[in-house]
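Both complexes below contain subunit A, partnered by subunit B and then by subunit C.
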Partner chain A sequence: MSGTWITTRAWLLMLPLLVVMTAVIGWPLIDTVRLSFTDAKLVGTEGTFVGLDNYVKVLGGSSFQRALVTTTWFAVVSVTAEMVIGVLAALLLNQQFRGRTALRALMILPWALPTVVNATLWRLIYNPEYGALNAALTQLGLIDSYRSWLGEPGSALTALIVADCWKNFPLVALIALAALQAVPRDITAASLVDGAGPLNRFRYVIMPYLAGPLLVALVLRTIEAFKVFDLIWVMTRGGPANSTRTLSILVYQEAFSFQRAGSGASLALIVTLLVTVLAVAYAGLVRKAAGAS
Partner chain B sequence: MSALAIQNIHKRYGEVETLKGIDIDLESGEFLVLLGSSGCGKSTLLNIIAGLAEPTGGDIRIGERSILGAHPKDRDIAMVFQSYALYPNMSVARNIGFGLEMRKVPPAEREKAVKETAKLLQIENLLARKPSQLSGGQRQRVAIGRALVRNPQVFLFDEPLSNLDAKLRMEMRTELKRLHQMLKTTVVYVTHDQIEAMTLATRIAVMRDGRIEQLGTPEEIYDRPATLYVAGFVGSPPMNILDATVSKEQLLILGDDQPIDMPVHFRSVVADGQRVKVGIRPEALRVAKGGETGAQFKARIEVVELTGPELVTTARIGEQRITACLPPRSAVTAGEDRTFVVDVDVLHLFDPQSGRSLATD
Partner chain C sequence: MERQSPLFTVFVYAAALLLAAIILAPVLWLFVMSISSAADLSTKPLNWWPNEIDLSRYRLLLSTIENSAGASFTASLLNSLKVAGMATLAAIAVAVPAAWAVSRTSQISWSLYAVIATYMLPPVALAVPLYMGLAYLGLLNSVFGLALVYLTILAPFTTWLLKSGFDSIPKEIESAAMIDGARLDQILRIITLPLAAPVMATSALFAFLLAWDEFFYALLFTSDLRAKTLTVAISDLAGGRVSDYGLIATAGVLAALPPVLIGLVMQRALISGLTSGGVKG
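So, the complex of A and B:
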């Protein structure tokens, strides 16, 4: 009896939230699915039912395929670099030295900055006329003349990846640092007595403690990198020559710049599906890692 | 030549000096226990021997060479930690063999050594398991195995039994004693448990505030404590310490009007009227039945506690408390006045100011 009463009360308490969630997430999602089967424009026409036409066009189109490759490259390279730099930074900040606390606080700064601020900052650094990067490289004698890092298809994506790494490696470092501090002092001491050098100590003794938390960081960062929009929008708007056009930029352009709501919706759903597949796969990995430890 | 020589070791952390000149010479095969309460510097000293901390001054020698500045792996030592410090991701076999693996011992030789050690510790059936699948006692055996397998010159133990329950602690204590008797290894063992110290050690160094209060065999520490601190620290219940005054080659216990005879060996070192502290082991006290010789004093019994093998009796002489360990069936009840008797020869006398024993050896 009391179980039923508790269940009823629980549902009643959750009801306001459920109503809000349905209104702000459920309904738009359902409407997006409906839109994706129509040829609706953003303004003017309701659109007619076109079946799977939008999906066929999107999946078969070169724009989608190129954006998928760009997004995957962006996600893989930036997340890998963030993981490596983050772990190295954490190992460094876990050592005893003067000014360690100040440096730890300072490290969080890039991550704490709003993405738009970060992106604007890097646009200034990369500026082809007065950017700090050009000045530094010229003065070091590494380049002869100023270059437009964000204006050349060959370097724009790499420049974005660097900006993304700078912003996001502190998150990985923070998670890794917390994990490092959980490594029992006795275990490290035992490995010293056992004769493990720095590399073996990291591989056999420290890494098992880092693996779980790092996997969580990997999941979070990969999904975020796959969805990246704001950084690229502020810095390159997908250009030059679509060389930095990721899936999210493509969805935006399709739905809002070209005002094709129907095919924009189908693209958005495909991206959502891809991210969901990634999330589920990673969740499985995390569960497996948790089980193993 | 000593197996381990600790020479004038000092350790300072900023303003705080945790070790104030420690000197110990250890012969091969000795089992030295560093005994003391928390913060006395015993673990710091062990870490310095292991190479996990560097001393501010002094020298440590293993065999003929100084090991100061040497990496822990190059000191020919092995260490067992209080928390076991097993590698959680490795099997028992790999945990035991990890030190050999890091020293590039060939796999076949390693496996043989691991099996032999496991057999010695009766954990052969656990080799494939992970530490999380082991009980506390089993983990401790693995930790000991990890130290044994390398066959080092000196074994270091940092409170290895303090995480175990009372029964298991006793079993492991016996096991350690058996292993030491069999392998004749040189051991430095840190504990705050005086029973462990008494049962395992060939020599005990009682430490206090970064100094050695007394260094001696368990018998010396128990029978001839050099200071009030050692007298109070070793023995359970601890030694009774009573205020007394010397009066014409006799001792007047404060609160008791009947003087007791002065032990012969103290007569030459005390003066008439001198205040002293008298130490009496609880187990040396008996209830007088009439006709006994020895020091006698009246006390009012306050509490009687039967522990099984003995009756721990707390009594009062004036304002002073005294504890006696009596046979379990002794007819004593709380509230009654009884006369206690003790052999004069087993009395200890200490200087109240310095806390040092007045015995002249």
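So, the complex of A and C:
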């Protein structure tokens, strides 16, 4: 069979997917770009061309800058914590002990819990009047009076980060565990004979096996954390006093609550650009790591 | 083998207990809330275990008496099933031929990266035109419209999973059949697709879970019982004026049940599917 026919046949088989993706992804993306240069409203007015007005207003506005800082803080702190706790949990699960299989199965639980259920669960735990956190801390004598964990700008973002970590560190742990199990036993045994301490063993024997899979987990988690919406919408809706308003929440408010489709679109594209930069930077990192090992 | 000191063994068990507690405590508490009476949940100091087990909320939410909390909950449950089911079927239908083509044709393998790249797109980048488009087509607040929108997530995702699934089926089996004179459609129907059945099932389950979980588009594009999904119904409960926290917890338990069960079962299916999928088929 000739090469051109094989290629043509492949494209024909791709056709249904391409049609669907053009309709639900390609066209909306292009239309978002068009809208971002107009002052269109969500309903009613078509809008007129306003050039770069939306971008100038958005980038210069304090709400965007603040949301960018909030999002970055949320992503960096929660992903870092998830990686550290995840690797520690994986190192533990790689030891021999009774009940290890059951504990490993438990790790699926937070991962499988729908994000909205997780958010609801933590919202109940943080409840200022009857929440379990207040009750537990009071009964342990750690706090004197009940606090509104999600209602105070000082603690709301941290409370969200804890909820995000709880749901996502087990996934990192499972990925790291799979990588740990690929470390050949004779290598760890040899390093023991050679007298390597636990820290050196982790750094020089185990880490080379962990680095690749962990980097992939880091990429995916960072991008997800940067796009965070569900968790925050259900728990705080961006409040109190906009202290948990991330970029996705800001776009939602601009485009749908205030119905400003034009400036909402420009904001959405800026977010998309930031996510793309993250993805490309990390893709480069992953390729470099793959080449190095 | 490393000889473990007793101290190290104690440390391992202590750490394992701590990890188990961290994972289990929130989930168990959700369950306890769902079976505690409203009075037990609103006392200080809090009752960590109910005085008597109260299952009335499960009965309430799963009932279909008109205009009750149960009617709207069961309606949203059905909507979630419909939307996730339709979107999964449609995604698998377009992804299978595409994934096979990408897996077997090196000349177009670059197109897979384009497909995966769209999976990274934040939903906000598409939301405004999708809203306007659905409004134009009269598909706002419709399970069909929402299922269509879910293809933005499920189509790239399933293509990606299926492609690596087809990669694990040796090309040589197909070539051998071709030499014996089988047509492409026969090869796919008799050889490739049966071999890929475990991967297709896994992909479909993952896609279903992804759709079951989805919240952002559902929040934007649905507004009442005709199309509202479970995630939106729960967020309404959590953010609304419901004074019975146990009811919110019960809704959460019910919504979490299918994915948690699938997750626990899949854990084995995932590992065995990877190791024995090609042998057994």
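Operating definition for what follows: the second predicted complex is superposed on the first by the 292 of 293 C-alpha atoms of A that agree within 3 Å, B and C clash if a C-alpha of one lies under 4 Å from a C-alpha of the other, contacts with A are read in each partner's own complex, and residues count from 1 in each chain.
Here, contacts are C-beta pairs under 8 Å (C-beta built on N, C-alpha and C of every residue); 3 or more make two chains touch, one makes a residue touch a chain.
The model shown is predicted, which means the values in this text are computed figures rather than measured ones.
J.: Mind working out whether A:L215 is in touch with subunit B, subunit C, both or neither, as first, second, both or neither?
T.: In the superposition, A:L215 touches no partner, neither subunit B nor subunit C.
J.: Of the partners subunit B and subunit C, which touch A:V76 in the superposed model: first, second, both, neither?
T.: A:V76: touches no partner chain.
J.: Is A:V205 touching anything from subunit B or subunit C once the two structures are fitted on A? First, second, both or neither.
T.: In the superposed model, A:V205 contacts subunit B only, not subunit C.
J.: I'd like to know which partner A:L192 touches here: subunit B for first, subunit C for second, both or neither.
T.: In the superposition, A:L192 contacts both subunit B and subunit C.
J.: Once the structures are superposed on A, label A:P170 by its partner contacts, choosing first (subunit B), second (subunit C), both or neither.
T.: In the superposition, A:P170 contacts subunit C only.
J.: In the superposed arrangement, does subunit B or subunit C reach more residues of subunit A?
T.: Between subunit B and subunit C, the winner on subunit A residue contacts is C.
J.: Quick one: classify A:L137 as touching subunit B (first), subunit C (second), both or neither.
T.: neither
J.: Please indicate which partner A:P184 is in contact with in the superposed arrangement: first for subunit B, second for subunit C, both, or neither.
T.: Only subunit B; A:P184 stays clear of subunit C.
J.: Could you tell me if A:L59 is touching subunit B, subunit C, both of them or neither one (first, second, both, neither)?
T.: neither
J.: For subunit A, give the residues common to its interface with subunit B and its interface with subunit C.
T.: Common interface on subunit A, subunit B vs subunit C: 189, 192.
J.: Could you please specify the touching residues of subunit B with respect to subunit A in the complex?
T.: Touch list, subunit B to subunit A: 47, 50-52, 71-73, 77-79, 81-90, 98-99, 102-103, 146.
J.: Can you check the complex and tell me which residues of subunit C touch subunit A?
T.: 1-2, 4, 9, 12-13, 15-16, 19-20, 22-24, 26-27, 29-30, 33, 41-42, 44-46, 90, 93-95, 97-98, 100-102, 104-105, 107-108, 111, 115, 117-118, 120-133, 135, 148-149, 151-152, 155-156, 159, 184, 209, 212-213, 215-216, 219-220, 230-231, 234-235, 237-239, 245, 248-249, 251-252, 255-256, 259-260, 262-264, 267
J.: Hey, which residues of subunit A end up touching subunit B in the complex?
T.: 184, 186-187, 189-197, 200, 204-205, 208, 293
J.: Taking the touch rule as given, give the residues of subunit A at its contact with subunit C in the complex, in rising order.
T.: 3, 6-7, 9-11, 13-14, 16-18, 20-21, 24-25, 27-29, 31-32, 35, 42-43, 89, 92, 95-97, 99-100, 103, 105-117, 119-125, 127, 129-130, 132, 135, 138-139, 166, 170, 189, 192, 223, 226-227, 229-230, 233-234, 237, 248, 251-252, 255-256, 261, 264-265, 267-269, 271-272, 275-276, 279
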